[in-house]
Amino acid sequence: MLVVMDSNSSPDMVTHVCREIEKLGLAANPMRGTHTIAIEASGNATLVDPQCLLNHPGVKEIVQDAEPYRLVKRQSSPERTVVAVSGVEIGGKNLVVMAGPCAVESREQCFAIAERTAKAGAKIFRGGAFKPRTSPYSFQGLGENGLKVLAEVRERFGLAVVTEAMDTETLDLVADYTDIIQIGSRNMQNFSLLKRVGRKNNAVLLKRGMSATIEEFLLAAEYIMAEGNHRVILCERGVRTFAEHTRNTLDLSAVPAVKQLSHLPIIVDPSHGTGRNDLILPMSRAAVAAGADGLLIEVHHDPARALSDAAQSITPDAFDELMHQLRRIGHAVGRALP
Amino acid sequence: MLVVMDSNSSPDMVTHVCREIEKLGLAANPMRGTHTIAIEASGNATLVDPQCLLNHPGVKEIVQDAEPYRLVKRQSSPERTVVAVSGVEIGGKNLVVMAGPCAVESREQCFAIAERTAKAGAKIFRGGAFKPRTSPYSFQGLGENGLKVLAEVRERFGLAVVTEAMDTETLDLVADYTDIIQIGSRNMQNFSLLKRVGRKNNAVLLKRGMSATIEEFLLAAEYIMAEGNHRVILCERGVRTFAEHTRNTLDLSAVPAVKQLSHLPIIVDPSHGTGRNDLILPMSRAAVAAGADGLLIEVHHDPARALSDAAQSITPDAFDELMHQLRRIGHAVGRALP
Amino acid sequence: MLVVMDSNSSPDMVTHVCREIEKLGLAANPMRGTHTIAIEASGNATLVDPQCLLNHPGVKEIVQDAEPYRLVKRQSSPERTVVAVSGVEIGGKNLVVMAGPCAVESREQCFAIAERTAKAGAKIFRGGAFKPRTSPYSFQGLGENGLKVLAEVRERFGLAVVTEAMDTETLDLVADYTDIIQIGSRNMQNFSLLKRVGRKNNAVLLKRGMSATIEEFLLAAEYIMAEGNHRVILCERGVRTFAEHTRNTLDLSAVPAVKQLSHLPIIVDPSHGTGRNDLILPMSRAAVAAGADGLLIEVHHDPARALSDAAQSITPDAFDELMHQLRRIGHAVGRALP
Amino acid sequence: MLVVMDSNSSPDMVTHVCREIEKLGLAANPMRGTHTIAIEASGNATLVDPQCLLNHPGVKEIVQDAEPYRLVKRQSSPERTVVAVSGVEIGGKNLVVMAGPCAVESREQCFAIAERTAKAGAKIFRGGAFKPRTSPYSFQGLGENGLKVLAEVRERFGLAVVTEAMDTETLDLVADYTDIIQIGSRNMQNFSLLKRVGRKNNAVLLKRGMSATIEEFLLAAEYIMAEGNHRVILCERGVRTFAEHTRNTLDLSAVPAVKQLSHLPIIVDPSHGTGRNDLILPMSRAAVAAGADGLLIEVHHDPARALSDAAQSITPDAFDELMHQLRRIGHAVGRALP
């Protein structure tokens, strides 16, 4: 850590800051230039909030040593992480598409959708059994019955399954039924849930919070990995901005930015990322072109009657076309979509 | 609900939409103007996502009947809610100031701070025992030992206590020790936690999420009230924007906007709302002038050595001055600060 | 326009609003459903601010008839606009890449860059002669000398030229030298400049404002077209959000969203859109995959010594690789890059 | 300027960066700690973009010497600037309220409003003659006829006048009629206009841009002052965020933040800042409590028939009440409202 002092700070101020650094259990080493004084503070001090030094007169800025995360960091792994789930590899050479309805509504619905998505080449089925809804009066999901439907889908169509765990109470139940546990945007900083899912064996799909920076996103993944579960898949799903033409603003720059900082795979959810079924196709193409390892797409066989997220689901026919186009884009960037 | 059709939509489109509305279990009643057709859809349809109608050709816009919340709504209560806690009334004629450190660090620390805040007129002591931290490697709070310190503060200084419950596992424990359970910004849409705290007898301090709209904020309160706990205090604490001069952008317009829509009391947290101890005084004055029922202020007897939020805590001396000035502002808006 | 009334509005309120609508010079026609009353207001009323009706008791919402723009609207043109500039067609089947330095610094610099970008396949040369700089003490551009350099580049390398006009005083001068006049983000709502450029014969490259909605963006184009100049090219260049990992948040969803609403071509500027030279390649690929008609890229032969935007310029070698990859992506979406 | 190197940067990298610093015309002086190397770069280098150094291997961060503005800076003036206009002092001990309609619509309208605002204690009359409108088809203002009405208002009611100059063409005309020239939000970075208004003798009211940081806001003022006009009044008027309950998010923290950094006076516009006439009263109180030197308020004698900004204008009666309440708040913070 480097504590940069104001150019007009007095020798007394410098001495005082050095002493305060030492009180924090760190070694203080002043470095003097012609007009500048900066104090190197070294040692292990994770418990201290370094911002506290800004309260001392003469302190101008604090330059941290490094990113605050360790395990998610690109340098911490000799190669990029590939998360394997029932024979499907996320983060490997192939693109992976996860598709299905927003919410599990019935066995018939899921079978109708899964039949089509599987045939089109999706390898993973998505569907919410426990639904986080803004209003307490909205449909909250089928719960365990929904999980059972997902298990039947896995059995029948040979698809791996991803579904959301909303809380620590139902985490064990969800973990028993699903291949990949989804942590939703609203829970990206539900640290208790992150720690608990970090002790599970399932793979984890961690969605970026609605107003999370990349650093916060990676630190959320760090919470999971720090508990021992290294099978984390990140997911960009749009952030909140002033823009009104989409439900969220899909921040595709997060894909290459995360790949610079971390070895973890990252996929994109253009359904939540735009909230508009007419934008899902072009934004899916863009996501793959930006370097995403896969996509998470809401498909409904009858969008006009969906119990949730009706405006952002595409039909199986539109999904067929999407997969066709993704194959072409994937080819252009050297990623196959089997 | 009113489904407004495009001016050039065909009679077939109108018939089709009417039929779809009926399939949702609602009555459809087309209203025709000279150029406009709008279809009134009436009946009880909370489970359906009305946005699904936007998928049909010719549908232009959907005008909802009313706000999606019920219990938090201003009209649902004959008078404004006053939450009474150990003899302190929040939302009544008097302003209420909650003050204390970001985190409970030790008995000595809390006693030193509580002695000063109590003397200055604060009626409620704040301090985190379980701390939601962005990094898993930061100080996570003293846990139950911290709660015990808070209990001692209550006993010794006659202050009510507010502290955060981070998860459902430790909720019971926190509820046993505290007067007011705080639900933090990151948990504003942790619906499982909201439901659980809705079954407690403690008062609840619900902080606005970092990118929550007012509607989402009020619906989060609705989750708590729908379970039976009506003692909810709202708290504006800043939202995330592009602005860099403050940690968050304190949205004081939320105070009068909430008071228009809801009967619940609302306080303001200028410490998190600005992240700068030099802005806490003016923004506290502004909050009271905007109509806030109280304030939540971080006070530390030694900010330069605080384990968290060091840059946004004020000293007991600064707190004395703040209380002095709040008395004057309170007087100007007809609110006493005893 | 449809004025939707509150369900509990009295007959008097309805009568009053009808009368007010008539005072605005519009015909008022109440439409009654079982629980709903909506008043159709018809006639020509562009001068009136329809929001004023919200001030009357009982008015709940106003549904506008249509988008507020006319000429930019997709339906106003039988086919998509193709802007032809010195033999290059923007918005046609081929992708168009505009490349060059942020600022014209010298003849040598521009020639060195143009030689490489032309060879790599760029058809248009970009470079600022008048530079809008946040600080009055930053390099403000070479002015007319810069324009002369651009003219030499056109002559020597057969490239069309795009450069920014910052104000109405220098607009004529800029128009004399350039093929395409750029209107920068900060000037997107400089309506006087828009009107003046609307009377020029040059093509116009209109950049989206830093916090402009799509509607505002299209209305800015409407200002230009309403004066007679229909050769408008739109440009998405990132918007301002809380995200810190990029200088702006590149909103690629603007590309397909604009294409739904307007017949105008749209290109993407990933240099300003990210502010990071390491993200330009993946975001350029993504832009083309999203459907952009072209790109605007900052290239500098010696980025480490650029007078402005140093962090977001790529080298000629990196540009070669970018063009190579764009060819592949273009092929995948049916767009050639000659 | 301090160039902080990565802890694992090689001696060659350090030497290389030193040489590059020297090529920029600066002296390079490496400062070595135990783990850290930082290079002090000194000399005068305003033309260079220091970010260019980030392109060299091993460079981690650049710490600038100081704020990029000079004349607006608090330290550049022995005392706070007071802008005197026709006997009214803005930034002095008294609060100053500027009130009037959004747009000058007619002589009758302005007289009706001015009579009431003058009587209530407003000292300055606002009203737009040239209106920047999002759509080219909206009412664009009365132009010079509007300016003449303002001159009559000044004469008749003894009020000073503030009105907007939209462009350099009409600046001279506006300057001839008005006391204070307003530069609107959309023009905050219209640098040509800023420079021109910097050569006028009128006072200038500079509104913060919709997505401007405080630094950009102050640099816009610096553009004006650098040309010789030091009579600048800043105005916070809300910024763009995701929040929907107000038209803009009024960022009152800008008031004390600006006062820390600059000697210039700052007022607040709660009309544009909220866009809701029911929030103007509480947010005006809050603005004064936060330390604002005055307010800019839209008042219309018949808001339901206003040609623009109808939803955010208050009636003369509401203005009377507002002035009454501001007197009380002003008293509480030691500011009189005559």
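Chains here go by letter, A, B, C and D, matching the order in which they are written, and residues are numbered from 1 within each.
What we mean here is this: contacts are C-beta pairs under 8 Å (C-beta built on N, C-alpha and C of every residue); 3 or more make two chains touch, one makes a residue touch a chain.
Please read these numbers as outputs of a predicted model, since none were measured by experiment.
Student: B-C or C-D: which has the larger count of contacting C-beta pairs?
Tutor: Contact tally favours C-D.
Student: Could you work out which chain's C-alpha centre is the most distant one from the centre of chain A?
Tutor: D
Student: Report the inter-chain centroid distance for chain A and chain C in whole angstrom, where each centroid is the mean of the CA atoms.
Tutor: The computed centroid separation for chain A versus chain C comes out at 31 Å.
Student: Once you find the CA centre of chain B and the CA centre of chain C, what distance in Å lies between them?
Tutor: The computed centroid separation for chain B versus chain C comes out at 39 Å.
Student: With chain centres defined as C-alpha means, what is the inter-centre distance between chain C and chain D in Å?
Tutor: So the centroids are 26 Å from each other.
Student: Which parts of chain A, given as residue numbers and ranges, touch two or more other chains?
Tutor: Within chain A, residues 211, 215, 240-242 contact more than one other chain.
Student: Any idea which chain B residues touch chain D in the complex?
Tutor: Per the touch definition, chain B meets chain D at residues 211, 213-215, 239, 241-246, 249-257, 260, 273-274, 276, 278-279, 282-283, 285-291, 325, 328-329, 331-333.
Student: With touch defined as at the start, can you tell me which chain A residues reach chain B in the complex?
Tutor: It is residues 20, 23-24, 46-49, 51-56, 68-70, 132-139, 166-170, 186-187, 189-193, 195, 210-211, 215-216, 219, 222-223, 226, 240, 277, 303-311 of chain A that touch chain B.
Student: Going by the contact rule at the top, pick out the chain C residues touching chain B in the complex.
Tutor: Its residues touching chain B are 2, 4, 7, 27, 29, 31-36, 38, 40, 42, 60-61, 63, 65-66, 240-242.
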